[in-house]
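Heads up, there are several structures right after this.
In the two assemblies presented below, chain A is common to both, partnered first by chain B and then by chain C.
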Partner chain A sequence: MSVNAAPPPFRRVLPIIEIALLVFALPLPWVLDDFWVLFATKICILALLALSFDLVWGYAGIMSFGQALFFGVAGYVTALLATKSGVTSIFALMPVAAFVGLVLAFVVAVIVIFGKRIPSVIFVALGTLTGSYAVERLARGWSWVGGQNGISSLPRLTAGSFEIEEGIVFFYIALGILVATYVLMRLLVRSQFGLVLTGIRQQEARIAFFGYQVQSYKGVVFTLSGLIAGVSGGLFAFHEGFIGPGQLGPVLSTQAVLYVLFGGAGTLIGAVLGVAIIELISYVLPQFTWLGETVTAFLETGWPVVLGLLLLGTVMFRPTGLIGLLVSDRERVGSFGKAARAAPPQKSQASHEPA
Partner chain B sequence: MSLLEVRGLTKIYGSLTALKDARMTVTGNEFHGLIGPNGSGKSTLLKCIAGAELPSGGTVHLSGRDITRATPPERSRAGMSLKFQITAILPQLSVYDNLLLALQAHDPMLALIASRTRGRLHDEVMELLTRFGLADRRDQLAGFLSHGQQQWLEIAMALSRKPKLLLLDEPTAGMSPQERRATGDLLGPIKARCSLLIVEHDLDFIKDICDSLTVLDQGEVVASGRTDDVQNDPRVKEAYLAHG
Partner chain C sequence: MSAVPFFFDILAYSAIFVLVVLGLGIIASMMGIFNFAHGEFVLLGAFTVYMFQQKGIPTWVGMIAAPFVVAIVGLILERIAIRRFYTAPIVAMLGTYAIALALREAVRALLGGRFHNVDAPLAGSFVLGEVSISQWRSAVIVITAIVMVLCWLLLTRTKFGLQMRAALENPALARASGISVNRVYATTFAFGSALAGLAGGLMVPMYSISADMGVPFLIKSFLAVMLGGMGSFEGSIAGAALVGASSAALPWAIKPVVADLLVFVIAIVIVKFRPEGLLSTWRK
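Take a look at the complex of A and B:
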């Protein structure tokens, strides 16, 4: 009976999607015009922000409304270094962005996550939201960092004597950082550490009785997510040539949440897809002219309503996001042991491996 | 020397005194049963020992160390393990991964990030799976196991870190007679390695496997000692008869 009830061994779809997307992205600058290359670069950069939220929510069950805080502050710090101190080297600024995000996330984690008892989801959500909100207000009122206007006309990033222009080179840098981050994150979430995160997501209280310091795991994940969001913010500032209070606050934080919920939390590729699709829809909807004048006129200003309904529908009817249409639950959760890696006929081979 | 020492444990919920001055001792390599009528406070006592509830008064010592207010991970590291009544397996993970998760619990985080203990723990996982008759189901999702098999998986998980004391809350609840017998057979051999504190409704099961018993009634310890002595204690008979 129970053998029949068991699900069939799952088909691996995720690697196919991942490789297909990479193959799709690699030649983009050679087929797209300048505007779309900038657009694709922005998607790569925002995908990093979405990945940072996916790591905390999709893998560790931490609802953070503060990802823009790490993104924006890293953007501001690197922008200030460039405009006030003349530092433009990518090799200096990107590590700084990562470090700023990491430190800031650690500080927030100390306040809302670390502690003797496990904090509730809503406490962490409100704590991070408050942080994001407060820092946005601070930036708006602080003239040294540009106040309402933020910091604009940033110089270009440099690598040695080479100036990194927005366009093909910047696209490949952003894509390269995205792919590298993605691969490292994938290793992390499929490691034994990732197994603990799965446990925390499913049975947080019980995992503590095994001997796991749940808060330490959550704190580490949260801090790492700050690092990723920081890199994203640094790249964003120099790609747009601008950073402002809007990139610090709850609006962008919420956008990160929506990217991931729409694409599919708990799969890394879902976060990337979420960004690409939402950004494309946001661009295409206002200029949609196929359905007659009335619709066009409505969409010109009313497009966010359509987008909102689309997101709401997805979250309601597809809690696993768009990726849930393609990927089984079993594959999404994955397997972590050595046994799962060896194919069944090779059982004897497994036993020969050193203990 | 006593392994677990409970002294003067009291638990008050609002106006209800669930436990009053409870005291008991579990020695090394002993199977100790905790029995009593419904509402007698045995689950509360077990939860206070496990750290799922904090007592209002009294102390709990494990191997001479005061763990009354220790967090669950601290208790686990001190050698305590538990299996509660509510299922604690992770239904969306394979049987194998459930055990791996329990086994690697005390490994340093960096080792887990690098997956450095995966190879070493493989043999231990397979040995436990074989011992608990789950080896051929290792790649199955734990949520698809039968009720009895889920209970065994949980016991295997609770034993994986080689605890000194294992707390079991009604391990045979909802099991068929065959599964009960099999559970008794599975528990027997662990006496060489660890002590057991077990809450159970099935008195026959308890009498078969326990060396000593503690009987609770209305939040108080009525009797505690060798199984044979306690069974013949007139106060115990009265407590059980009075409540039907």
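Take a look at the complex of A and C:
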């Protein structure tokens, strides 16, 4: 009788994790002291950057090593607007940041993605990395935007006559934007559009044979990710009160990659988790004092070594990231559109790329 | 001012750059792996020389040791990690990036985040007519030329070179013909690393050593390899010469900041429209 019984009920874990994280995040400012509120805000802002990378890599399979380019330039533009023209309203600056990210991503997409032939993944990765590096060099040498020192002591963001201080209010703004972006992205990647993206990630040529304009889909998703990275950069500049060449270059670009790979590419919550965990590790590592003198002395400056090794371990042994420990492959791939729930697609085993 | 020292500077920079690109190009074309840790192998070579100097051993000993030290590091990394990545070029990029991060930060922690200088084994300069030419730069150019010729001979005239090319062309058939492809790959990787180590060792007297010295080289070398076309020895060298010379020469003509940007943009656009590399049409 029970031989042919229905498969065990499919329990969805992702919504539980998502809701748990949200419930965990909401009361944070009342529990934590000031420093940790700032820290949590930073995580929310960087989570947006990570999400933007997750969208292009985890869903469309575009290896972008240049997310910091959109992040940083949006930060710079809003910072310049605030310091040189005195615009501080959040309702003006955040759309500007989003727009700058969008336009810039479109320009980069025109170079590395659009075109008659399908560009190799290596070319896209190198093109975006080079863009990020070149603009960092430009910012370092350009004194009008502060050169090496960047732009510091930014005024606070305002909403009407209300000044948004770093702290509880800023935390809720960042969290609000994060949650809103997250929900919109979730709808996007679970739509038919998301299905096409996933198809491109798994088997680009086949999707092209179906008649989809693969390059246009990739361009659109890349441009969208630039928008998200731009918002993140604008928030970051005003939260830290500072933006510098370091926020433009390959270091932050690759940091975004690290967040997402560590957390788990191809699930949105993985990106958020990755940011939270890596930022926490980076903060805690230099403070390990119980490992003995030498280790402590080394970790004080050498803690990124540990990050590198962690990432190497993740890439080698757990390509699905941390989220792969909690969520089944079937749920990670998920289902698309309204009617698709009845027959969840199977994960292809052949691909070594994060699904 | 005469034009000779100017050309000489460009030549010396390009020579170093050709060495870096050669190592990267060999690994990229023979194994299909874009090694993001290549810049850090350059750094390790420089660091070896610096350590030798700290210990009071003459710099030239360090420069001879640098390729071997880096080759051993490369070999160990290949055995532990990189051999897992051969079937998946993107995972290889990410994995080598992780290795790069660990290596760079380890060196940074050991160097204390500062710039250090290393003395050249040949400090003086020649005087040719009215212009003086640094002896060390001339030595670098000569060494590069010799290494280039040796590499070419190794690839085209030896049994190992044949095995390497066979493994590139068709790994399965090479295996069937009794070539240990794994060993060939391991040796190739170590060899490419050694070239990076040599370049790093030779360049420390000209540039000061700091943890971030490898990153610019990495990006420019990638461009050079793509520009020259994957899988060809001459292509890598031509691409390297082009990128190296233009990024050394342009800052004399226009603002350095704009020059860098220009080199990158031009290179990317060329690669976009000619993904097989510059030499591909010419070779046919």
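The rule we apply is simple: the second predicted complex is superposed on the first by the 323 of 355 C-alpha atoms of A that agree within 3 Å, B and C clash if a C-alpha of one lies under 4 Å from a C-alpha of the other, contacts with A are read in each partner's own complex, and residues count from 1 in each chain.
Here is the rule we use: contacts are C-beta pairs under 8 Å (C-beta built on N, C-alpha and C of every residue); 3 or more make two chains touch, one makes a residue touch a chain.
A quick note: this is a predicted structure, and the numbers were derived from the prediction, not measured.
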Which superposed partner A:213 touches (first chain B, second chain C, both, neither): first
First, second, both or neither for A:326, with chain B first and chain C second: neither
A:285 touches, of chain B and chain C: first, second, both or neither? neither
Partner chain in contact with A:168 - chain B first, chain C second, else both or neither: neither
Chain B versus chain C as contact partner of A:198, first or second or both or neither: first
Contacts of A:336 with chain B and chain C, given as first, second, both or neither: first
Chain B versus chain C as contact partner of A:188, first or second or both or neither: first
Touching both chain B and chain C, residues of chain A: 353
Chain A residues within the chain B interface of the complex: 2, 5-7, 9, 116, 188, 191-193, 195-196, 198-199, 202-203, 206-214, 216-217, 220, 329-330, 333, 335-340, 350, 353-355
In the complex with chain A, residue positions of chain B that touch it: 50-51, 71-73, 75-77, 81-82, 88, 90-94, 96-97, 100-102, 104-107, 109, 111-120, 122-123, 125-126, 138-141, 144-146, 149, 157, 161
Partner chain C, residues of chain A touching it in the complex: 63, 111-112, 115, 117, 119-123, 125-127, 129-131, 133-135, 137-138, 140-142, 250, 254, 257-258, 261, 298, 301-305, 307-309, 311-312, 315-316, 319, 352-353
Residues of chain C that touch chain A when the two form their complex: 34, 81, 84, 87-91, 93-95, 97-103, 105-106, 108-109, 112-113, 215-216, 219, 222-223, 226, 255-258, 260-261, 264-265, 267-269, 271-272, 275
